[in-house]
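First chain written, first letter: the chains are A, B, C and D, and each begins at residue 1.
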Amino acid sequence: MKSKLAIAAMLAAGLALPASAQDKIKLVDVIELSGAGATAGTNFKNGADLAVADINAKGGILGKQVEIVHYDSQTNPGNTRAAVQRGIDEGAYAILGPVFSGPIAASMQISQRAETAQIVAGEAAGFTKQGNPYIFRTSLSQAAAMPKIAKYLKDTVKAGSVAVVWVNNDFGKGGRDAILPELEKAGIKVAVDVATEQGQADFAADAIKVKNSNADAVFVYLNEEESARFLRAAKQQGITKPMIGETTLLGAKVLELAGDAANGVRGHVGLSTDAPIPALQEFGKRYREKYGFASDHNGIKGYMAVHMVKWATEKQKKIDRKGLADTLRGATIKASEEPGILMDTVIEQNGDLDRESFLAEVIDGKQVINTTLPRIKP
Amino acid sequence: MAEFTAYLIAGIATGAIYALAAIGFTLVWQTSQTINFAQGEFVMLPAVLVLLAVKLFGAPLWLGALIGIFAFILIFGAGFKLVVVDPMIRHGVLPLAIATMALSIIMKEGAKDGFSAEAQNFPSFVPTSTIEVFGAAISLQHLTIIACAFAVIGALQWFVGGTRLGRQMQATAQNPTVARILGIPVERMVLLTFVINAALAVVASVLISPIYLAKFSNGEVIGLFAFIAAIVGGFNQVRGALVGGLVVGVIDSLAAAYISSSYRLAVPLVLLVVIILLKPEGLMGRKEERRV
Amino acid sequence: MSQVLEVSNLHKAFGGIKAVDGVSFSVKEGEILGIIGPNGCGKSTLFNCILGQLEPTEGAVKLDGRDITNMRPSALNRLGVSRTFQLLQVFPELSVRENLILAGQEHQGSMLSRLFGARDAGLTDKAEQMIGFFKLGHLADAKAGGLSYGQQKLLDAAMAFMAGPRLVLLDEPAGGVNLTMLGDLKERLRAINAEQGATFVVIEHNMDFVMSLCSRVIVLAEGKVLAEGTPAEVRANPAVIEAYLGH
Amino acid sequence: MSAPATTNDLSRPRGRALPGLIDGTLVTLLLGAAILWFAPVGMGRYGTYVLSLWLVMSIAVMGLNLTLGYAGLKSLAQAAFMGLGAYTTALLTTKLGVSWYAAFALSGLLTFAVGIVLGFPALRVKAHYLAFVTLAFSTLIWLILRNEQWLTGGVFGISNINRPDFFGIKLFGALEFHRFVVAVTLILAVAQWWLIRSPWGRAFTALRENPIRAASLGIDTRAYTLLAFAIGSAYAGFAGALYAPLVEFIDPSPFSLSQSFFLLLMVVAGGAGYLLGPFVGALLGVVLPEWLRFAGSLYLIIFASIVLLLLIACPQGVSGLLERGWTKLTGRRGGTR
């Protein structure tokens, strides 16, 4: 068969890379546009697009326009690796994304080898602990957020025992593994430890299990739709104990989907378009206008990630790939210097972030921020 | 005991949902001896189409529902049969089964790209309030689904056994060659089955979506459980879907309660394997003779 | 002469319908036995029960005195029992030669030798011989699916003889075959019977074919043996005339 | 009553016109390997990586092609078998320091054995029960990979999987490892080529086309079906053993049920029952999305639509289309129906 020859020729043609335009700053966003992470990925992509549009409208970075391309990671480590490699080969100035920790773990060596900054949306604790100097977060890690939750449960909710409901993926498992030791330290008993599936539709049995545990409070650590479904099931089963969550549970999407069932939900919020910070609210408004739905925290992360690149590039006053990572490492980005960062952000040496966060409660279907928590290392 | 009852009732409510989705598996199996791997997506899509119609045309909900449902039955009842099943069935059942896998990807990704990657609320036609049964809470929505599952199966049994059209349809399912000789319009009967299948998917979708939300990926879970339910109950019997659905729902609920919750999903699957080993035709199924 | 096949009191019911209702007969070595009967009298079901294709409800089948009831068809074949089917059953995508090699290969060597050994399992010569014998010479490399119906029927029969069977059960070998080919087929069957001493059981509709080929005939009606004897005896039996030939 | 022959028309075996030891398929394989050996020069790491990924997936698809295309069995667990192979190799090489070659062999052996154990009860009943059993198996394996964190790293996976040496030559670089993948793929493809043209291959074809007739010719349908499935599964194990060091990281997600479906679609797209079909199918499944990056997530719809259209128009897949075209072009006609 001659087809093989033809295929090889086609391959060579198809996989050869287009010459990158030197007059633009190229960002490659490797993100979950299909598969399990599609919801989070779509938000991140939109946020990043919005940021690029904003920056270009104001004349770009150092006078150069920003170009962003989005490559679907398919929520699959192998494909993510291919996409990141492609981005690197195409001369990406920085890699943005992905969100899920598996794809991050599979691709972060690639950007490390190329000495290119990779600004990810993952919250799992592990990947900043591997000594990779090119990986950066856009939000607090679970290791940073969970102590705040434990403290909140102990001091404010005054719970002696907690039911922990988590989704059994890297996000949920990471969160659960991070909070259990914190609860133990705070002297709070885990009444029941409920694992649920990603994409699970029916939470009746889980809600009954939680109800029967008679815990003083329920800590819910699920993805958006699952959070909403759980809250509804909990309401149906007549659970009256306080529902405590971290960021996602109080997110706009959950509130929209859960309706009444979300009222009274409380917890810690890392990023929110409802935070008492005008820039965040303004972002939320413009995002909703452009895409027709409310941004979750991943949308904010996408917006911030692009602005982290902008800030560092303007700071080093040149387009230097390696320098970008060096500049970001250990930096403090103030919203007064770079409004697009939305909140003052401290980047630690390992790529973790430290910044203010919030305690919030859902009242009448709206997220109400009642306390702003200071940075961990003020 | 009250605890057990609560799990049992929750399981039955969930099982009715699986049953409703599983009926389609048995229908398509009987007429075309194939497995519709897109069955979950068939249940996912009508709700999405309804919401899409509302969004696109700015139509009120009732009109959106009409447009969405009509479009779905047209495309995935009649269209599916004419465009996918007909040209393929002459190649045997294997290509058709695989074609439905491709179709499921198209439906799923189409719903995502054409509508939304995010879950959406779907309005309930039934009040969302709950009532107490034997000390366990159950919502009117779930009760409606249970009632509908029984009603649909009952109606189908009556239709197939008690009406001329239904008997013709059954004759077609059992032996198309003989049916054709008897003057039954076989083609039209097969078409009818697929339209009924699509209509049932609509019923399931409209009832399930207020609880499960409308989302492109919902078909995966619903499809998997409905598939297990159909095998457990018996692929070649419509009432097998009901029994299978309820059994799987209850077992799943009890597994969540009493077995490590990270292996909850394994329990219905193990049940499936046990059924295949011990009673391959399913709990309610007819034993099929080896054919020569 | 010894009994090759013994069928005793075989029953097969589908639901309430008794397709085979207590059939007993035996076949002697080297014999050509014909089984006739009207449509739906249970001939094919009887075959399928003997050959392990269907599970008999009751009764036993013995080959050379050994119980083979419910033995799997492939195992049965390796004991030297071969068959053809009522409907055409060649492998249309394989060539005539490949069809014949396939029909014999499982009788050659072990599983492993069939994987690592010769591609034709050493059967090319035998296949060529069979092709010549059944006058398919010019078609050896053609795909079986492209042959005429009669040619396929010959191939079908040829495949049944590839492994040099002891007992061959032929299900309507003459169905749909034109007269010239019918003569050929009969002649080939007789020759194999004479040369190899193979034993035959033939189900057939074509009375002339059966009467001229077989040494003994059994008449089935409604799942039961109605009559048994030489072709001449059967032809003269009033019950047979009534049930079958009368039509 | 359906006709006794299983009317599985998915695939037609290739014409067997060339009787000698060397035929067109073998020549194509050797030539293709030579081209792929040199192809990545100047292609960059990304292109090289995609080519390697393509070949690795081709091995898995090749295995499924044996199961589906030659033996007519639906297996919904090919990705799970690939996962078994990948995790076996990753664990043996990273945790126990076993050489990659031993791990590769063990991965194949394990998946073969599991295939036998799984296929035996299913095929006892009826061929399509294999689909049900493998569906359950696929999800169970995925659950174990995810839940048993002490062994498999759970949702966080296993990272830093080393690439093997070849007689002292380190294969860390993209190009070196690519060439290694080319060599392994060639060996496995030639092995399958041999298998298909042995009497086993003839028996596989026979039991797909007409299992009842095959049985009446002494072909032990149960044994051959089981072997086809087990060998097909072992190919997935081999593919997994290459996938782990290629990506240098594994977690449960690429071995889920939906990936098994995807592999099935690749078999059909390429042309089930054609020895070279899997390469075309994996090309459509792995490389096409890279070409369609500009289309974002739409590529999945495009891929699935291609498969659907192929199934409607030409169930023999792209290979079948090419063959049809070739026949038209040369005016040669086989004795087709």
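One rule holds in what follows: a contact is a pair of C-beta atoms (placed from the backbone, for glycine too) under 8 Å apart; a residue touches a chain by one contact, two chains touch by 3 or more.
Computed from a predicted structure; not experimentally measured.
**Student:** Does A-B or A-D have more contacting C-beta pairs?
**Tutor:** Looking at A-B and A-D side by side, A-D shows more C-beta contacts.
**Student:** Find the chain most remote from subunit A, comparing centres computed as mean CA coordinates.
**Tutor:** C
**Student:** As a quick test, compute the distance in whole Å between the mean CA positions of subunit B and subunit C.
**Tutor:** 46
**Student:** Using mean C-alpha positions as chain centres, tell me how far subunit A is from subunit C in Å, no decimals.
**Tutor:** That pair's centroid distance is 72 Å.
**Student:** Quick one: report the Å distance separating subunit A from subunit D, using the average Cα coordinate of each chain.
**Tutor:** 36
**Student:** For subunit B, write out the residues touching at least two other chains, lowest number first.
**Tutor:** Touching at least two other chains: 109, 112, 220, 262, 265, 292.
**Student:** Residues of subunit A that contact two or more other chains, please.
**Tutor:** If we look for residues of subunit A contacting two or more partner chains, we find 33-34, 36, 38, 168.
**Student:** For subunit D, jot down the residues that touch at least 2 other chains.
**Tutor:** In subunit D, the residues touching two or more other chains are 4, 146-147, 212, 297, 300.
**Student:** Write out the stretch or stretches of subunit A touching subunit D in their complex.
**Tutor:** Subunit A residues touching subunit D: 1, 3-5, 7-8, 11-12, 14-17, 33-36, 38, 69-72, 74-79, 81-83, 85-86, 88-90, 101-102, 105-106, 109, 124, 126, 168-170, 173-174.
**Student:** Which bits of subunit C are touching subunit D when the two form their complex?
**Tutor:** Interface residues on the subunit C side: 51, 53, 72-75, 77-78, 82-83, 85, 87, 89-95, 98, 101-103, 105-107, 111, 114-117, 119-121, 141-147, 159, 162-163.
**Student:** Please output the residues of subunit D touching subunit C within their complex, sorted ascending.
**Tutor:** 3-5, 12-13, 16-17, 195, 197-200, 202-203, 205-206, 209-210, 212-223, 334-337
**Student:** So in the complex, which bits of subunit B are touching subunit D?
**Tutor:** Subunit B reaches subunit D through residues 33, 35, 37, 83-84, 87-88, 90-95, 97-99, 101-106, 109-110, 112-113, 175, 177-178, 220, 224, 227-228, 231, 262-263, 265-266, 269-270, 272-273, 276-277, 280, 291-292.
**Student:** Going by the contact rule at the top, pick out the subunit B residues touching subunit A in the complex.
**Tutor:** Those residues of subunit B that touch subunit A are 3, 6-7, 10-11, 13-14, 17, 109, 112, 116-121, 130, 137, 139, 211-213, 215, 217-218, 220-222, 252-254, 256-257, 260-262, 264-265.
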